[in-house]
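Below is one structure, written out as structure tokens, with a few remarks after it.
Chain naming follows the written order as A, B, C, D, E and F, and within any one chain the residues start at number 1.
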Amino acid sequence: MRSRKIYGLVGLAVSLMLALALALPAFNSSYAQGQTAPAGNATSAPAPAAAAPAAPAAVAAPQACDGVKVTENCTPNSGDTAWMLTSMAIVLMMTIPGLALFYGGMVRKKNVGDTVMTSFAITCLVSILWFFFTYSIAFRGGTPLIGGLDRAFLQNIVSNTFKAGVAQNIGTPNSLAPTIPETVYSMFQLTFAIITAALITGSIAERMKFSAMLWFIGLWTIFVYSPVAHWVWGPDGIFNSANPDAKFHVLDFAGGTVVHVNSGTAGLMAALMLGKRKDIGPPHNMVLTMIGASLLWVGWFGFNAGSAVSAGMQAGMAMAVTHIATATAGFTWMLVEWFVRGKPTVIGICSGAVAGLVAITPASGFVGPVGAFCIGVAAGIICYWGCTGLKRFFGYDDALDAFGVHALGGAAGAILTGVFAVEAYGGTAGAIEGNVGQILTQCVGVATVFVYDVVVTLIILKIVDLTIGLRVSEDVERGGLDLALHGETVQ
Amino acid sequence: MRSRKIYGLVGLAVSLMLALALALPAFNSSYAQGQTAPAGNATSAPAPAAAAPAAPAAVAAPQACDGVKVTENCTPNSGDTAWMLTSMAIVLMMTIPGLALFYGGMVRKKNVGDTVMTSFAITCLVSILWFFFTYSIAFRGGTPLIGGLDRAFLQNIVSNTFKAGVAQNIGTPNSLAPTIPETVYSMFQLTFAIITAALITGSIAERMKFSAMLWFIGLWTIFVYSPVAHWVWGPDGIFNSANPDAKFHVLDFAGGTVVHVNSGTAGLMAALMLGKRKDIGPPHNMVLTMIGASLLWVGWFGFNAGSAVSAGMQAGMAMAVTHIATATAGFTWMLVEWFVRGKPTVIGICSGAVAGLVAITPASGFVGPVGAFCIGVAAGIICYWGCTGLKRFFGYDDALDAFGVHALGGAAGAILTGVFAVEAYGGTAGAIEGNVGQILTQCVGVATVFVYDVVVTLIILKIVDLTIGLRVSEDVERGGLDLALHGETVQ
Amino acid sequence: MRSRKIYGLVGLAVSLMLALALALPAFNSSYAQGQTAPAGNATSAPAPAAAAPAAPAAVAAPQACDGVKVTENCTPNSGDTAWMLTSMAIVLMMTIPGLALFYGGMVRKKNVGDTVMTSFAITCLVSILWFFFTYSIAFRGGTPLIGGLDRAFLQNIVSNTFKAGVAQNIGTPNSLAPTIPETVYSMFQLTFAIITAALITGSIAERMKFSAMLWFIGLWTIFVYSPVAHWVWGPDGIFNSANPDAKFHVLDFAGGTVVHVNSGTAGLMAALMLGKRKDIGPPHNMVLTMIGASLLWVGWFGFNAGSAVSAGMQAGMAMAVTHIATATAGFTWMLVEWFVRGKPTVIGICSGAVAGLVAITPASGFVGPVGAFCIGVAAGIICYWGCTGLKRFFGYDDALDAFGVHALGGAAGAILTGVFAVEAYGGTAGAIEGNVGQILTQCVGVATVFVYDVVVTLIILKIVDLTIGLRVSEDVERGGLDLALHGETVQ
Amino acid sequence: MKIVMAVIKPFKLDEVRDALSRIGVQGLTVTEVRGYGRQKGHTEVYRGTEYAVSLLPKMKIEVACSSDQVDKVVETIAAAAKTGQIGDGKIFVAALDHAIRIRTGESDTAAL
Amino acid sequence: MKIVMAVIKPFKLDEVRDALSRIGVQGLTVTEVRGYGRQKGHTEVYRGTEYAVSLLPKMKIEVACSSDQVDKVVETIAAAAKTGQIGDGKIFVAALDHAIRIRTGESDTAAL
Amino acid sequence: MKIVMAVIKPFKLDEVRDALSRIGVQGLTVTEVRGYGRQKGHTEVYRGTEYAVSLLPKMKIEVACSSDQVDKVVETIAAAAKTGQIGDGKIFVAALDHAIRIRTGESDTAAL
């Protein structure tokens, strides 16, 4: 076992070193960017074309970036940039400490350290992969199924053609976020990749090896998250509703399918592969869970309103519908629980709020306040059932209900987006405005992601199981993962 | 008792369903907005009037929203919007998890779950009511005493006259926030309504029924908060200093009277109606209280600087005076306690900081740094006395001092605003610049709110007491509310 | 001992009162600002010169503040201001509750209250001093070694020459932050002064008198932080890379030298003066530490990207490199620990992330993504060694490793900035682009701050030791500082 | 000498301690325990699943006393801890061979 | 009457309680304790420093029973708590003079 | 066989355990308790209100040993736990009927 552990560690370290080696050319192309392409610069960026590198003060005022079509080498909109910088920070806060605490409060005390560390380590790991190449393959143009490697190691992220852009507040934005620096867009999207990976771990809590978890999550981010994100959000993705050449114009404003259906499904697969926990018990500290749910709620405005990638009407409406759906779902879950079980619980209302956040995510740029209210009621009821009736019926041990809340809530939200979408808000009409076909399109999106996810996740899990093993020994499980795996305990 | 509980639940559920039914027309008017009014559109919004819905690219550039007078169908200022989106998020963070933890740390361990859930459930409940109609009656024009219902269910919140505003980043702002989307303003103000309601529960901690609390807070939000907010901040409110027709030009930048005097007074009434706790004891975890106080401090910049509803000089000055008053009040309370009791406590310095935040709230748009320092010193001393001498003298059991800190601190701040206001900062001079009458105006505001609040709160409490009962049984109180009411415990 | 305590308290209180007295003239100059200088106004601010105070609506549109050269009496950029308001709030969150929890989780349960209160009280104390005069001597022009007193009590912070600036959204910015109100810049910089002081207390945890800590930190802020900040960031500072007259053009974007080398060194001195703790033990709650590390990470975007004092390309790049270095350092520390000790720990990955944040701080405006990755790897390894090998070798009791993480990480980051700086990003080339001399310049900065800090800190500590004594009695130490010094315990 | 061990309801602790003080008992030791008995436990809920918690929080008080005091002590505890409802707890008495006060080395009844 | 004190591995608590229930033991008191013995402890790590934690979490069960029941009780606990691995714990038996049920005042075997 | 129960100051735990190890005691059980005695308690403060906390944190050590070892054990604990200041704690000794090692079924002194 010890030797296996060493193998794992060596593997991780070698990967890192390899990556570093690969990064060196990028390093060059990154500090030297533009130096080799003054001509390209001159043709593609009219305004600052005359800029002599040595005389930045004499430069003609650069063009402001435009929200409708991408401008090369323009000055970002400071208001939009301010909001997106903020959004990135608060979406990061959703995972650490938000999700870490949301999950940490629901496990037993003997496993809380492992649980919170899982979210933290995933944050580090996914960020490193993102920098290496997953940002590039997810969010750069390439093919409808996967993007290209032109931003591996974030090379040329300021501009492909213009030197000294940072100092002069000039750069070429990603076409998906035309008014802000691409650095900010890349980091904003990174926080989505992080939380998607971290959400999965709700299903595997209290029994998976920490090393196996790292390998699983790393591979999953590369082989599942990155392509799926590209399908739905990539500039040439097959499901991207803004891509005229897309096969299906799936509406997914902030990630109901990419983030929630995706992570919840992967979680279910992992729970099935791992099997049930040996001993279970009530959550050890619902105050931690409450902190986590609250920070998820607060940060989710960055998630949903931030997905407008600007600070204007769309962000405002996304914020309003997010808040309404969340409050409604939290209250609905609480009422349902109160009726059914006789008591309203802290974990219940928190779970309901998270269910509301999940369900409104795909809808948040497309529906209005009343649609949000309906989605909230639905989310509260459906996800309550997902964590109780459904789970009991099938008997899997989805420890912290990543499937029951995220996959179910995400799917419900995605489909209800097809119902409640309002053309005046997001450009696409839903069933309630007569466009019944949109429901079908939404179902296609959900189903495709589900199937792909199931297959690839199972393959990854199998590989990890055969190489380093997925599950801790019974002794470790009974004694708690904190002490055995991390040498730490909470007093 | 069980049957009473069922009545309560049924009541809540029926209210929700009823509301849903009522919401349906709003749903229509919301997704169809503007479709029926192309003419009105054409006359009232010159710039984008020619916009053919099918050709958004050909539209004339819409007007930018103007900070001085309201522009119909304009494009919001992205910087102001960015700051207000952020403000909304961090003011929400003040209540959950901020206030929940601030209060949760001060109760005994057996009641911490009920205490934190109270804040969380209030967040949900008040948000739903806000969406239903309390936003509309508080912040839309109507009469000097109460607003109209034209924004019930947030209908037409994008614009009364223009279709497709969200997609084109165009809308008509609320006159109270002329440069940002009305959705954002509505959500921002919602976070104030939430925290006001949640503050009250400091007084009733450790002994009120959870169901009674929900009914009380719901009714209070409708019958006390909404009208009082309208008086002071409504465009045609009788106390609104910016309304030329107002009876009294009360200065209340961010809610000293509306939020703090109001909630603290309601808390005192509830504490009196409930009576004393059976057993009391020291706070179980001042680390939670410290987290709460810190997040209150951080979020309060959204509260006070956000009340400038723009990101400019006024927000900057509000941030500075808020910080100075808070630091000073925290330090002052600590020193006073150190002198009087011999020890500086964690709860003391945290309480002092909150007292400072409370007292600077009404003043934050009107005074300068030195005024803030004076208000900070006063808040530290006055609120310390409010939680000790005053409380002991009258003998009420204001468990977590909602009255001692918020009503007292809010009143002190409101009156001192009349002293330290500087014309160059907020447009109105205070006593120190010769306008002694402003102190009187401030007192009128505080006194009116106090009297109205006392009367209506007592009526609401009496009704709730007679129908479902206010207080838990002695057994439940001794054993802790967490286990009995929520079936959960912190380990 | 009791009488000593009283002396201390009286001292503190007298200082406060004295300061209040001193503040009165500032109060006058602050509410009356500009009234006495209409002429100066007319000459220096062309655009709004004609403004009749009584007719604000008729005013010519004021000039927008310009990012390149300072404009007098201009309107701030709302996007930049929005980001800086946000940055201030989240950098404050780094200290309270962030650092308080990061440190609080690592001490024993009996000292957690004292530890968190230390951060909170420092926040109050440093804020008061800042308002009094330390902002002015650190960030206003004066001499290359120390600034002037023209902003004591924040007088004339809106504008030296123009009345009613706040109401009209007009002011004169600090030349260091030309597009935002000076109030915001002052508060933003205050949060740096706060966290620097609070970081020191990691070294002295679990054994220093609370009163001695306050005096030490107060004096240190005045005599060490303020001058050092002025050297590196003051408009005429001797090390300011943007000051053409500076002796050395030290690159320190967000405070590797000013904040981290400075605080870590002071911490080491304090640890040496205090001596070792009587009994040591493992951290009592790594969940608190994880929350703290996460909030530090989130808030650090305000720290580093906020140091761009604008929301554009530079802030974006600073955010990206900050995130990459942090994730890399956290993961690296974890892997190193896993190899060396056999287990990856929660405290380890959190410490690594903080080490990465520290090391990227001076570099964040000057390097690119690949440089950030390299700095992250280096920080993870070097700071691990600083907390283990190095500390064991010398045998000092740097309780929570302020020296090992902050001084070492800050110095490493400062020097590596000289290696990896890219001219296109921050205007200065590093060794990798051929400018090897920059490494030397960086070393001069680090060494000067180190030496000055050692000397002055030791003098301050000696004075405090001789007057009120630095260390608690053995009984207090064994029983825990919470109960003995603050009369509180965590249950 | 005897040692009296009483398992009582937690909220009765202060009353029992005061009552013992009044009859001259100068020292006692308290432990937080959990008890299982006739008093039925409670259930905790987690997302619709109920966990039966059969162990209830109790306080254990240990008082060492001389043999002639023991009846007084037992009666006092019994009186003060009684609510008349199920779960009030038990008192056990056992013999002690020795007692030593660490500080002084005094032993047996002098040590109590 | 006797009092049986058993120190067992924490995760065996439910099994032991169930086994005792089955043989008719109606009450017991549980305390969280830490034990030191042949079973070696573990180490906690803090930034590269190791702290030896030699005390391991255990559960102490106390059961008062009549003298004729005592062997049955001891056997039951021993059987249910056994894993065969070091650290399984110990059972101690001591004599009790009296037992009183606080609620009713019943005493001795009637009180159990 | 005897069981020695000592209530000591918490920070003396390590010293006492080491001292017992040195004289060959191979096992013991530790409980966190709170004690009430001559040593006066402390007060906690909450916004100007003081709460008297009369129960002080102590550690209870239980060591089962053979009758001939008992004096040695008592002396060792007394020596190691002594600070000479009020509140040092007490040592109680009682008789044990049996001891069983669960893992092996060994009994009495063989079980210790």
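As a convention for this text, contacts are C-beta pairs under 8 Å (C-beta built on N, C-alpha and C of every residue); 3 or more make two chains touch, one makes a residue touch a chain.
Remember, predicted model here, so these are calculated numbers, not experimental data.
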item: Shortest walk length in steps over touching chains, chain C through to chain E; value: 1
item: Least step count from chain A to chain D, where 1 means the two chains touch; value: 1
item: Pair from A-E, B-D or A-D with over half of its contact pairs in common with C-E; value: A-D
item: Chain copies touching (chain B, chain C) - same or different residues, decided at half shared; value: different
item: Separation of mean Cα positions, chain F and chain E [Å, integer]; value: 18
item: Length of the line joining the C-alpha centres of chain C and chain F, rounded to whole Å; value: 49
item: Centroid spacing, where centroids are CA-atom means, of chain A and chain F in whole angstrom; value: 54
item: Chain A, residues touching no fewer than two other chains; value: 77-80, 82-83, 86, 90, 282-283, 291, 311, 341, 343, 345, 347, 486-489
item: Multi-chain contact sites of chain F, meaning residues that touch two or more partners; value: 31, 44-45, 50, 94-95
item: Touching pairs - complete list by chain label; value: A-B, A-C, A-D, A-E, B-C, B-D, B-F, C-E, C-F, D-E, D-F, E-F
item: Residues of chain C that touch chain A when the two form their complex; value: 67-68, 77-80, 82-83, 86, 90, 109, 282-287, 290-291, 293-295, 297-299, 301-302, 305, 310-317, 319-320, 323-324, 326-328, 330-332, 334-335, 338-339, 341-347, 349-350, 353, 368-371, 373-374, 377, 422-427, 432-433
item: Chain D to chain E touching residues, read off their complex; value: 2, 6-8, 31-38, 54-55, 58, 60, 74, 77-78, 81-95
item: Touch list for chain C against partner chain F, complex; value: 279, 478, 483, 486-489
item: Residues of chain F that touch chain E when the two form their complex; value: 3, 17, 26-31, 64, 94-103, 105, 111-112
item: Sites on chain E touched by chain A in the complex; value: 11, 42-45, 50
